[in-house]
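Please find the structures below.
Both of the next two complexes hold chain A, though its partner changes from chain B to chain C.
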Partner chain A sequence: MLKLITPVMQVVEWPMRALQRVLGPRRLAWAFLAPNLVLFSLFAFLPVILNFVYSATGSDHILLRDRSYVGAQNFAQLLNCQSYTDPNSCRIDVFWRAVWNTVSFVVLQVTFMVVFSLLTALILNRKIRARGFFRAVFFFPVLLSPVVVALVWKWMLQDQGLLNATLQNLGFGTVNWLLSPGWAFGWSVFISVWAHMGFYTLILLAGLQAIPRDVYEAAAMDAAGPWRVFRRITLPLLMPTMVVVLVLALIKGVQTFDEVYAFTGGGPGSATMLVIQYIYQTGFAGTPRLFGLASAASILVALVLVGLTAVQLWLTRRNANG
Partner chain B sequence: MTKFKRVLGTAAALALLAGAAQAVELRFECAQDGNECDTMNAIFQKFTAQHPDITVKMDLVPYKAILENLPVDLAGGAGPDLAKVTDLGGLHKYYLDLSPYVNKADWEKTFGKTLDWYRAGPDDHGIYGIQTQLTITGGFINKTLFDQAKVAIPGPGATWEDWAKASVAVAKATGTKYPMAMDRTGHRFAGMAMPYGATYFDDKGNPELGDPGFVAAAKQFVAWNQDGTMDKNVWAAQGGATYADASKEFINGDLVFYYSGSWQVQKFASQIGDGFDWEVIPAPCGPAGAGHCSGMPGGSGVVGFKSTKHPKEVAQLLDFLAQQDNYATLEAKSLNIPAHAGVAAAGVKYEGASPAAAKALNAFAAQVPTLSPVAYAYQGYKNNRAMFNITVTRLTQAIVGELSLDEALARMKDDLAQALAAAK
Partner chain C sequence: MASFLTRTRGKGRLHWTDWASYAYLLLGVFIMFAPVLWLVVSSFKTEAELQHYPPRLLPYIQKTITLPGHDEPLPVFKVTRGELAGQEVAQVRRIGLVSQVVRPEDPQTIVKVSISDRAPVERVALATTNYSKLFARFNFPRFFWNSLFITVVATAITLLVNAMAAFALSKYEFRGRGTVMALVIGTLMIPQTVVLVPLFLVVREFGMINSLWGVIIPGAATPTGVFLLRQYMLTIPDEILDAARMDNASEWKIFWRIILPLSAPALAVLAILSIMWRWNDFLWPLIALSRSENYTLQLALNSFQGEFTTDWASLLAMTVLTLAPIAAVFAFLQKYIATGIASTGGK
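On to the complex of A and B.
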């Protein structure tokens, strides 16, 4: 290997030394960082800046030169509500329906996700038969495409789907799961938990395995019961991992789009429309394409995500400092 | 000798370069609908045989790319030379005016009112596109179910309510799951709204979603979805303006009456086969009276774009496609209803169509002369897609109970104002 690297280094050495003489050792670091910074600016900073610029413009034209400056009008439209808890009183009612759907979705999804992931991780951490197989089974849905997950569940839950056929064969009445706002929303949460639980289970499992065994042995010698061991040892020592899982699940929950969109399309009506779907439909799938309104909505969502990330950093640091 | 060879070689190279400079390749973007793009491509090859210096490169793309990517490409100046489009008025600002290159009077005589669908408004007299696929919305019935139920099929002039009553009676007698269904789009809903007297435009020609006819149809449609006359799954189980249809239910024999359009004929002919007898019914009427029994026209057309570097060649190609024999070949092979007056008058001998399909296509073709002026105006209005989407989104909210019908109608008015302001 060294034989290969040495000639390359000999070729590179001279220009590097020359560059160092010109720039000095401190500035040379910037020369190395420059290509990455250019790419990062182009694909990360520029879209963010453009998003802010678009949010202050109107019309359905895509090129900035054709768009008119409207100031904060898009934000004003989105935030124009008599009562934020009643979407019907809002100028853009669908946005607020999507916001409240997202809040309910995140609360339910994150709660179930953390609880079920923890339970699964606790079970898979025990010496059970075929433990490797079950770990793979729980992780498998994470590998599937969200659209595949959504379509498979849709085939099972549609009016003449597998679940209703089974219920009918067993002599029960059928339910039109996708026509009822409550059921459609409930199933969306369930599918999302089912699809992503394996990922969080894996993180918690790693956290559980990092807990020193001697602490449990000491507890066993003191005749501590399983519930007490869980409450006093497992949970406190797992807390740093739990915080990571909680915040990751929260951020992912707010960003949910593909599987719910493919599963219900946001329906019935707007019962399962989440805020990212609203942004997509307003900016790209609707006619006319309201890029300004979609950009403004995406900035509001970004602010929420920045807040959640700040909470994560604060909690992580607090945990690290004991 | 060597010197001579060098001169000869240079001359040959220059001749080749000159030839290459003159050769024109036109990029044509097309979303396959049945075999329409392939048939067009074969006609374009014939064109190239006559004009060896002009070749056509066809890019087959998904329909979604035509709806969502093409407008963005055109806005960025990176569009193709020509494309098959369905948002006929919506993309007007990018169209190439063929008037300087074609016989305008001939085109006016041949394609008549469909030319308006590509224009900016009544004051625009340009020639922008050729309607290759004329579609008409209309009703299909499962005739076998009517026969089994011994319910008489409503005759010509029957209203939407007559069809609803008959369909419910058939569904009840035969144990069929759904009496009626309609595709989830504002375009199809217009086929029901016009017989109820919907005008879609006020006296000054401004678009509106809330005239008395429209309100009456909306009220009836919501009621039919709520009482089970209409298959609620089609409209209510979706969100936003997502398209949904009930072709699967009709093909499976789970539906008595299906309001869709002429583009379903090929699919029904091939997938239903001998399963049951089906028919195309005359356009249902409504409270507005006999003059308003009309479906909605639509379809797709081929347009050139003004960003092309070869406007003359694009016009030549479209003019070639518009020639009666070429156009007749296209319609006969792709099983479409012709928008070309000469081809329509001569009749189309559909190739490979089953007797049921041919009968259905001719039944739809017979409805073309009776299409309402409102239907032509609405189809030709450049912001009609926004109106379609608003209708679907808000009517669905009324069906599922998120909004009352009055609230939904008020929201439609606001949404339309916002859309028109953005589209200015």
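On to the complex of A and C.
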């Protein structure tokens, strides 16, 4: 490894030494920062600004000079609804279907995720045998790629798959899981909880283990009942971690795309289409490529995410300080 | 409910809450492992066996026999009824409901047997045909190479670039440091998912669409990485740096000879995260790579399931080969991965 990087580093050494002579050691900091800042500017900040330009222009050309200014038309189109709760009354009904799908998806996913990660973390925090093994078992799906997760479950759920065969064996009928809108949606929530709960379990477990033991010992002295100990000690002391988990899960939940797209492709119909998939399909997969509309939609999503991230940063700061 | 909630346990004998805990954990093992295991086992089944309904748990292969006068190995059946009942025969061909078989002792005399009167002779064995087909028929090595190239190169760039920035932010006092930190935090708020369209334009202007570099470069600088490394570098005492400066070492030399080796644990965590991000990355490659020879494994997997709706045989083998490298890394580095991910909140 060292043999590999040494020549590279030595090549850079020479210009950096020259720079140091010109700038002095203090301002050399900018030379160290430069590559990172250039990448951030080009691929994060510049796109944010351009996103607004795209959202205010129309046509299916990607080059900005070919695009015509349309003002707030893209937003107006997206937001043109008789009633926001009824996608059918909207000009762009798919977008609102995706929005409401995402809302139900996030609510269900985050609820189940928090409940099951908390339950798992509580159990793993007890004195049990082979804790490391069990922890690894719950954690390993986190490492699987979204496409692999989708295919693993598709193979289980396919028409003549293991689940249907088992159901039939037990005397139930078979179900065409991914062709029924309700089941497809339910399974999408399930696989995303399955894939990610290990991550949150780990964070909650770390939070539980950070609770000082003497608090429990003091409670035992006072002969406090277990339920009371849980409500009065464990839960309040775990709260900061819980909130971080909640916000993190919300941020990731809103951005869900990969596993559901690979799992159902958004179908049947648009039953499992989430808002990021709408952006992808509007901007890149359909014809004409409606870049303006896609940008406008992504700005709406970004607003939600910025709000959530601000909450997250505020919470981490507060936790770190107190 | 009682002690389950508090981590204390009745002394000596197992309390019922312990039984409940173990039951929950074992159910967890089943739900987490069984589907993946089922996929792996299935990938070693022959195409005929994959069609078998209801599916059997273990992979079976039908016995074959090579007889003089027949070029191909012939599938072996056991006759269940009729005059040959109880004997093993080799099937030459099947026409409708009638199977033309020969006895191994007499390979020239064809006997007709109804297909309902015979059962295949099978044994449990792993069929590797799905895998060999993957290499023969599809461009699998290409996809694998693309994924590997992106993962390795991107991780190397990420480590270097982020470590340089973290070094500047942790070891130098300079005007504008606070602003730079704020900018780094700012990028945390800009996930790729919300800037897809303009990112596409920027990458296109650099001529990197449909090139692996178009996947590697945009995500190379990560705010998570800068934070992680900076926090770690702050713990390295400045005296070491000053001593090196006394010896007339250049700042660059200090960076790569002293700071980098001392930050090895943090670099390892970032390397693991980066490998995972890159190997599993899906949405941006989906947009940036549209020609199939540039596909990563993830893209190839996804497109296969559309192209060949029924070709589960190849798909299963490919899925196994896609998850295998990550599984191997996990098996060795489980502990580090878990702590790394938990400590950064980055996934």
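Heads up, the rule we're going with is that the second predicted complex is superposed on the first by the 274 of 322 C-alpha atoms of A that agree within 3 Å, B and C clash if a C-alpha of one lies under 4 Å from a C-alpha of the other, contacts with A are read in each partner's own complex, and residues count from 1 in each chain.
Following the convention adopted for this analysis, a contact is a pair of C-beta atoms (placed from the backbone, for glycine too) under 8 Å apart; a residue touches a chain by one contact, two chains touch by 3 or more.
Here the structure is a predicted model, which is why all the values come from computation and not from measurement.
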Based on the superposed arrangement, let me know which partner A:T287 touches: chain B (first), chain C (second), both, or neither? first
Given the touch rule stated above, what does A:A210 touch, chain B (first), chain C (second), both, or neither? neither
Return the chain, chain B or chain C, that is in touch with more residues of chain A. C
Can A:L167 be said to touch chain B (first), chain C (second), both, or neither? neither
Per the contact definition in the header, classify A:A72: touching chain B only (first), chain C only (second), both, or neither. neither
Looking at the overlay, what does A:L179 touch: chain B (first), chain C (second), both, or neither? first
Please work out whether A:M156 is in contact with chain B alone, chain C alone, both, or neither, and reply first, second, both or neither. second
Quick one: is A:V115 in contact with chain B, with chain C, with both, or with neither? Answer first, second, both or neither. neither
In the overlay, answer first, second, both or neither for which of chain B and chain C A:L64 touches. second
Output check: A:L46 vs chain B and chain C. Expected answer is one of first, second, both, neither. What do you get? second
For chain A, what residues appear in both contact lists, the one with chain B and the one with chain C? 62-63, 158, 265, 284
Within their complex, state which residues of chain A touch chain C. 5, 9, 12-13, 16-17, 20, 25-30, 32-33, 35-37, 39-40, 42-51, 53-54, 62-64, 119-120, 122-128, 134-148, 151-156, 158, 160-162, 165, 168-169, 194, 196, 199, 202-203, 206, 216, 220, 225-227, 229-230, 234, 244, 248, 252, 255, 257-258, 262, 265, 276, 279-280, 283-284, 291, 294-295, 298-299, 301-302, 305-306, 309-310, 313
Within the complex, which stretch of chain C touches chain A? 1-9, 18, 21-22, 24-25, 28-29, 31-33, 35-36, 38-39, 42, 53-55, 160-162, 164-165, 167-169, 172-174, 177, 180, 183-191, 193-204, 217-221, 226, 245, 250-253, 255-256, 276, 279-280, 282-283, 286-287, 298, 301-302, 305-306, 312, 315-316, 319, 322-323, 326-327, 329-330, 334, 337-338, 341-342, 345, 347
Chain B touches which residues of chain A in the complex? 58-63, 66, 88, 91, 93-94, 97, 158-159, 176, 178-179, 181, 184, 264-273, 277, 281, 284-290
Enumerate the contact residues on chain B facing chain A in the complex. 68, 71-72, 75-76, 87, 90, 232-233, 236-242, 383, 385-386, 389, 393, 396-397, 399-403, 407, 411, 414, 418-419, 421-424
